[in-house]
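You will see two complexes here that share chain A, one where it goes with chain B and one where it goes with chain C.
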Partner chain A sequence: MAETPNYAWPPREKRRQIGKSPTRIDGPAKASGKAKYSSDVNLPGMLHAALLTCPHAHARITAIDTSAAEKSPGVAAVHVISPVGTEIQWSGTEVAAVAATTENQARDAARQIKVQYEVLPHVVREEDLSKVGNRAKAAGEQITGDPDQAFKEADVVSEGEYGIPVVAHSCLEPHGGVLHWQGDKVTYWPSTQFVSGIAGTLAPNIKVPVANIRVHQEHIGGGFGSKFGADRWDAVSALLSQKAGGKPVKLFLDRATELNIAGNRPSAYSKIKLGAKKDGTITVWQSQSWASGGFTGGGMPPTPYVYTNIPNKRINHTSVSINAAGQRAWRAPNSQQASYLTCSAIEDLAAALKMDPMEVFAKNAGYTPRAETYRAQLAKAAELSDWKRLWHQRGDAGAGPVKRGLGIGVNAWGGGGHASQCRTTINPDGSVMVEIGVQDLGTGTRTVINQVAAETLGLPLNAIAVRIGDNSLPPSGASGGSTTVGGVSSSTRKSCVNALAKLFDVAAPALGLQPDQLEVVDGRIQQKDNPAKSITWQAACRKMGTSKISEMGANDPRNPGGLNSSGVGGIQVADVSVDTETGIVKLNKFVAVQDCGLIINPKLAESQCYGGIIMGICTALYEERVMDPATGIMLNHNYDTYKLAGIGDIGEIVVHLEMEPQHDSRGVIGLGEPPAIGIQAAIGNAVANALGVRVRNMPMTPDRVLAALERRNA
Partner chain B sequence: MCDFEGSERKALLMNHEKDPEKPNKPAGGVSRRGFIRGAGISGGVLGSGILEEQVQAQQQGGTKPVGPGPVPVTLTINGKPHKLNLEPRVTLLDALRDHVNLTGAKKVCDRGNCGACTVIMGGKAVYACSVLAIDAQGREIQTIEGLASGNELHPVEAAFVKNDGQQCGYCTPGFVMAVKDFLDKNPKPTEEQVNHGLGGNLCRCGTYMGIRKAVLEAAKTTKGGRNG
Partner chain C sequence: MQAFEYANPATLADAIALLGASWGEAGVLAGGTDLIGLMKDYIEMPKRVVNVKGIKELGGIRKTGAGLRIGATVTMEELVENAEIRKLYPSLHTAAANITSPQIRNMGTVGGDLCQRPRCWYYRQGFGLLPKDPKGQELVANGENRYHAILGNAGPAKFVSASSLGPALVALGARVKLASAKGPREVPAEKFFVTPAADGAREIALQPNEILTEIIIPAAATRNATYEVRQKDALDWPLATASVVLRMKGSTVSGARIVLGHVAPTPWLAEQAGTALAGKAITPESAEAAAKAALAGATPLSGNAYKVQLARVAVKRALLEAARGRA
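This part shows the complex of A and B:
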């Protein structure tokens, strides 16, 4: 019986590609505008589609008349999505769609569809729980230990109320696709985080077998958790394509609809009470949280976050159903909310104790799953943020109108590797193709596949072609949960090891050696540790004759064999200045100390950290979905009013990735999510430290800052 | 909160409006587009009175209205003339993407907020979503596709690649064009000027750290001169 091949990562000192930072391989195509996204696909005879959406938050459709739309210039097909009798539960719900020669014509025609509604009462805001009436649904109380007794015995009790609103994923490439229904086959250019699986979510809605749906996606313009399955409008595009006699149909949401219905992060609010000993040891946690992710309500953020083992706890949660579009997974689902709520409460406790929060977070690290990691990271973050010099007691920020403050946020994430299969083909001319049905969200997936293949095959990066983004390739999982790099690096490694073994079989006789005596170094196949006895890669490949080598490799998430693992933590520190006259919060510096596994490409890993942090800054300072209680619609559905940080709003960002041997030996762990978690917590705490008063709700906009100062002065 | 963004965006639009080659008031460009595109399909209930007023204003001003059907439009894009037949309401962005198949400029906000559609027109960066194609006639339009020569990247593009100033890449072509124009006008920028001058482009993946480095590096590699 053949031995199991050795798939382990090569030792650090022998690596030639892994651990280096080549530029991303699709960088030139993206920077020069040549990269084709699905929204860039233009096909001969292609129609453009537009949606008609519902302007009411809660309504029943009583009549629809599409006759004028059907006669409108350029119209090829009209489809009613929500028929008469449909009860609509949020504004922006898709009512009908039109396909026409141009996008303008499609919009003109959609506007001519006459819909009558019976308007019903709505609730669209949840931050004030006393105003949601019967939309609140309480979950059962969870009690650990004896919270009442613990509060009695506590030296200090601190109470606070904190909130974090609904925000929109806001992918720059909107949701949508190009769909082409010809005969019994459908070709689909989606914008998706799940190339291998999206056909399975389209198929039932158009009654076409999955096997007849071909998916292509070269690039995706952002997903962040909101682009896994086919959306209803994608199925509608397919139906319009069929109705229009098999012409391709392009439908990507306009920005207002994108921000309104194509994904959001649920809100979370909580009243939290903590009890502690004089020395800062937390003894008891009590929280009453509520949240909404739309009509289906909102789950409980996992609080206390990271500090899960506080011995006495009373936890209550209320889910609130509102007439707003549904939540989708958002880069580290529920973790940003939970980190914000928990770290805010701990910071407030530290202020009540007049203790340095660094000490309080460190002292209580025993309640976390990785006490030593967090303690070391707190020390490192203190060093990098110049904490000892800059931190002061809450509110003790000097006399001028601009107050400086520092605050801490905590993160934790899993990772691991998704199920992934890879095929490596070595051709007789020496060329190599590596294929995986995965997607590159801009994280650098193509590039890390290339690096792992080059490392394993002993070839330069440009000797290997990487193909992804097609559902006819070996399947790979969805890009969610920071599992992609773990999955594809493992499947690529195994597939290349397997292919190389076949090449050694071919090459060994030429060298008069056994295959297991061979290794590959810098494009030569040689006797192990004996470069003198070698042949070139090309010469070895020529010995294959006319056949080629094609070998698979798979990552099994339940048995990753040491190639990947999960579980990281991180500490983040924000340094802000707040102008108490204008209420403007300015980021001076943001420090992220991040635990990780084996890093394939440090530059790309660092970019993931920057990206997560900047997204966090956006949500801490600017972003919120504003629903109008009177009309029930989203008021800020474009970037003039739904604000994102610009290049001048982010301050200095310092990322410290821990890349020591003990981290490396854990194998690959994804970094898309963990660095995106603690930012709101750190910024909120820094603002409280600067002002001497807690600004309860995110984002830290001037109006909220000034209102908090007024409350303090009142 | 985002003062820089606001003022820069306004400045970009105002540059276009102030252009001496243009009439003092664009012939109803913004409001015509505002009328036609409205406030989205579901929310857009604009009275027809606006159109009537506008037509009257145009007639009083002696401007002959064109459209609403397609009219011949010639655009000079990357040095080549393109003869098109477009409705007057078609934006430069839609003309580029849907009629000339130049898809580097991206449609993100379609309202002059985000900069993903930035092209250079008559030597100035403009939001292609906020310019009508008919108003772009007679001007030299440079798109991202006209920046690199052959397979050799433009220094700004190369700097974006080298400094990883891109992730998903959807904002990148617009950013690259904005940087190109910015460096043409500010050959030796400070970091503060970069932060200020590029506030009119948004990125969702969070690539600003790499972009900052890229701009400063591109300023050096182009030796402070115009970079082509």
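This part shows the complex of A and C:
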């Protein structure tokens, strides 16, 4: 066996599995309903828990009486989460919980807990900064170059106001889990993006050693960044399980609570002023932004986005604290907001210059970290969207009420691979098991692991069993930051290379060769480039006798060894039609040109792009959290008024993944987040192009579109 | 959901006997697409749920001397698929077809559509149908009212009628048949929907001891159409609709009924706008004028003036569609 194994990806022409698009291996189970999510787990004697939440946005609890709830039918345990004296800072805050025999009994009983509140004044909306009073907190001004001089020298100055509201994560499977606390051991079926790590966030809250918490999760119904750690209600489930004498407890949030408190993307509003030369070169950026992600305020979206190196800048930001539940990471945190604000301002500048925005985005690409990539992508996106034929100056001059327009959005992301360990076991009967304590967020992680293992071991996909979703397996990182595919593909590759080397050690004597003379091709172990001298995989494995091979492999994020890397960009173009009589926006076509590294499964990669784009369409046209100024509650906490796109609202999506040798040679790069950025920007710009006026705030609902048209006509 | 008694009567008489004298005693279950959600959210807490889907006499669509008779438990999908309705009453066909999910069209019934509760987000969160804050201030007028009424909203009722079929039925001059222990009674569709003026009052004329049994649409040769303004293609409620019925004399209108939906606590009959069309041909100009007239009395709230424009568009497009005719 060689001293330093060669873990490098096989050259493109030799790949048998990587680069192919087999159907995801858990697809049939999911499509048929056989797949068991944690919310499908039902155990003998299991209790159901329900939360009582606070109906006020800001209040102090002055009394709690649980006596009626305790006597309610079926109730096994009651737990007060927010004791008397607690100052509540948002509606939906968990006050108490009940575990009962059935879900209905638990909900009925929770309603019988009597809580008295001293109601305190609240602020729940931040879009109008003049109305938030002392809730605003300005950060210090950041100045680069000489913005005042640059504005004086600019040939054209363009100004605009743009806003993007708070949206909820809307996981189809709500947050929660099933918890079973027996003696000093806890078994936990969560809905989590971090199977290997969630026990560590639960343990301190229930004072059980991390090692005593066993975690299982076969599938997750959506996370999008909102499910990294154990939540307060998960600890409550554990306490209820203990109080009920060690019965398992199931607690998943109801939809209203889910939309209220289980994660949201912070808002971002900005007044942006740009200065440029006549030829479209941007010379100066000025922005005054504000944002809120709940009670703790809201950070500054990173603007100017991508075009970071504009030489002169003045940047101000104000964080606004409101009485609403806190933000969580939302598929490319802060990036949709920053892309929307930046690309809108650049498009408005192009309109002021009467220039084609394609030209302006390309001309200024020098300010970005990857000018050549973006220029090439702009050209490709123009080709795929038929830009030259369809684009026109601001305002579709055609007849009839329906106007068409095109717009551009830009994305960038890191990727890389999270820390991941994999164990590959080869048994004497030839069977193979690959195990990682990771989660499949719905991205196809299982399938990717299977493909990499099959590629490395020279076996068909179905010859390998893949196990994930259990924290007793070798640990893997959280699925966040688009790092899972980079992490698990590398750890799987290394583990399989290591296991195969051991098998070569066993097989070599039978062929009269040294282990380093061997390779594996299509289920046969053979002399390199000499299929005539070979034995079958099964025959080689039989030579192991009664022992088995079990080898580890690890991805070290600091030293990925060329297997994975980070840093991608993409250009998106939206083609929309707007009915100017009703203000309804429809997507005709959405083009996404995406830079990425080595792609293990192009179909899964395209699916990631579809998913990200669809989420982007939802937030561009439909999604917003509506807070009621009077009561302080979220009014649209159900899907009749918290609107998400349906199939008919999506239009045609064209994904172009860049898969040339120069991309492939960079290794694997995660793709979960980049395609979700830039959609609001592209659609917003397309609507502005169609109408000849900017719809300032997302989502572009009929009321906002009609208001913009009135402004144009005034 | 609060525990309840479940009854599964086989005859209308048995079902009526299971109803209560006041609201909250019994809930009538057909498709359950609204009632079950309301019960899960503790907005409705009937002590008894009476399933009427097993009552044969409440089903079926058939022609009678009085017109077309549609049973209360006919599903939206049955309505959509009925050739007679598609041919003679495209306004009703379209209204049902626009209900945006096959699941709801398969489960939801005609009676349920007329009896469903409003979608007002204050009502659905337990603040009541005429929602007020603890100081007695109206929540809708002072709050978020983007989906609320722009007509008929002078009183405390600011919600919009959720019925999809209501506007078409009012426009067609349909009658709604109700039955109680005292026997059947008929109410014109436009009288079936009412605007509650005080807490506890309902938005329909049905009494707690009554069941809606059927709808009768008079046979008359008309051109009719419904146009719905809805933001999303799927799973969405309309922002405004218009159902129009035209009686034609050659190429001119001899009589017209224009009814707006989702803009008032009831389907809103714009009587004068209809009358003013008499003797005119339907052109883009006359349709536009009628649309303006239909909304002339609109009194939008702080956040829903845009619905005036949407309702106008609905009227104009429905009139043009009806004039083109599909029959």
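Going forward, the second predicted complex is superposed on the first by the 710 of 714 C-alpha atoms of A that agree within 3 Å, B and C clash if a C-alpha of one lies under 4 Å from a C-alpha of the other, contacts with A are read in each partner's own complex, and residues count from 1 in each chain.
Heads up, the rule we're going with is that contacts are C-beta pairs under 8 Å (C-beta built on N, C-alpha and C of every residue); 3 or more make two chains touch, one makes a residue touch a chain.
Keep in mind it's a predicted model, so treat the numbers as computed, not measured.
Contacts of A:K34 after superposition: chain B is touched, whereas chain C is not reached. When both complexes are overlaid on chain A, the residue A:Y622 reaches chain B and chain C alike. Ranked by how many residues of chain A each touches, chain B and chain C are led by B. Contacts of A:G442 after superposition: chain B is touched, whereas chain C is not reached.
By the document's definition of touching, of the two partners only chain C reaches A:E581; chain B does not.
Contacts of A:N636 after superposition on the shared chain: chain C is touched, whereas chain B is not. Residue contacts after overlaying the shared chain place A:L706 against chain C, while chain B stays out of touching range.
Contacts of A:L51 after superposition on the shared chain: chain B is touched, whereas chain C is not.
In the superposition on chain A, contact is made by A:D649 with both chain B and chain C. Overlap of the chain B and chain C interfaces on chain A comprises residues 104, 107, 111, 584, 621-622, 633, 637-640, 643, 645-649, 701-702. Listed in rising order, the residues of chain C touching chain A in the complex are 1-3, 42, 100, 119, 121-122, 124-125, 127, 133, 137, 139, 142-144, 146-147, 229, 231-237, 239, 303-304, 306, 309-310, 313. Contacts from chain A toward chain C in the complex involve residues 104, 107-108, 111, 581-584, 621-622, 626, 628-631, 633, 635-641, 643, 645-649, 701-703, 706-707.
On the chain A side of its complex with chain B, the touching residues are 23-24, 26-28, 30-37, 39-40, 42, 48, 50-55, 91-92, 102-104, 107, 110-111, 170-174, 219-222, 224, 252, 254-257, 441-443, 584-585, 603-604, 607, 610-615, 621-622, 633, 637-640, 643-650, 653, 701-702. Residues 1-2, 4-5, 36-37, 40-44, 87, 89-90, 94, 97-98, 101, 103-111, 113-114, 116, 143-145, 147-148, 153-154, 157-158, 160-162, 164-173, 176, 194-196, 198-212 of chain B are the ones touching chain A in the complex.
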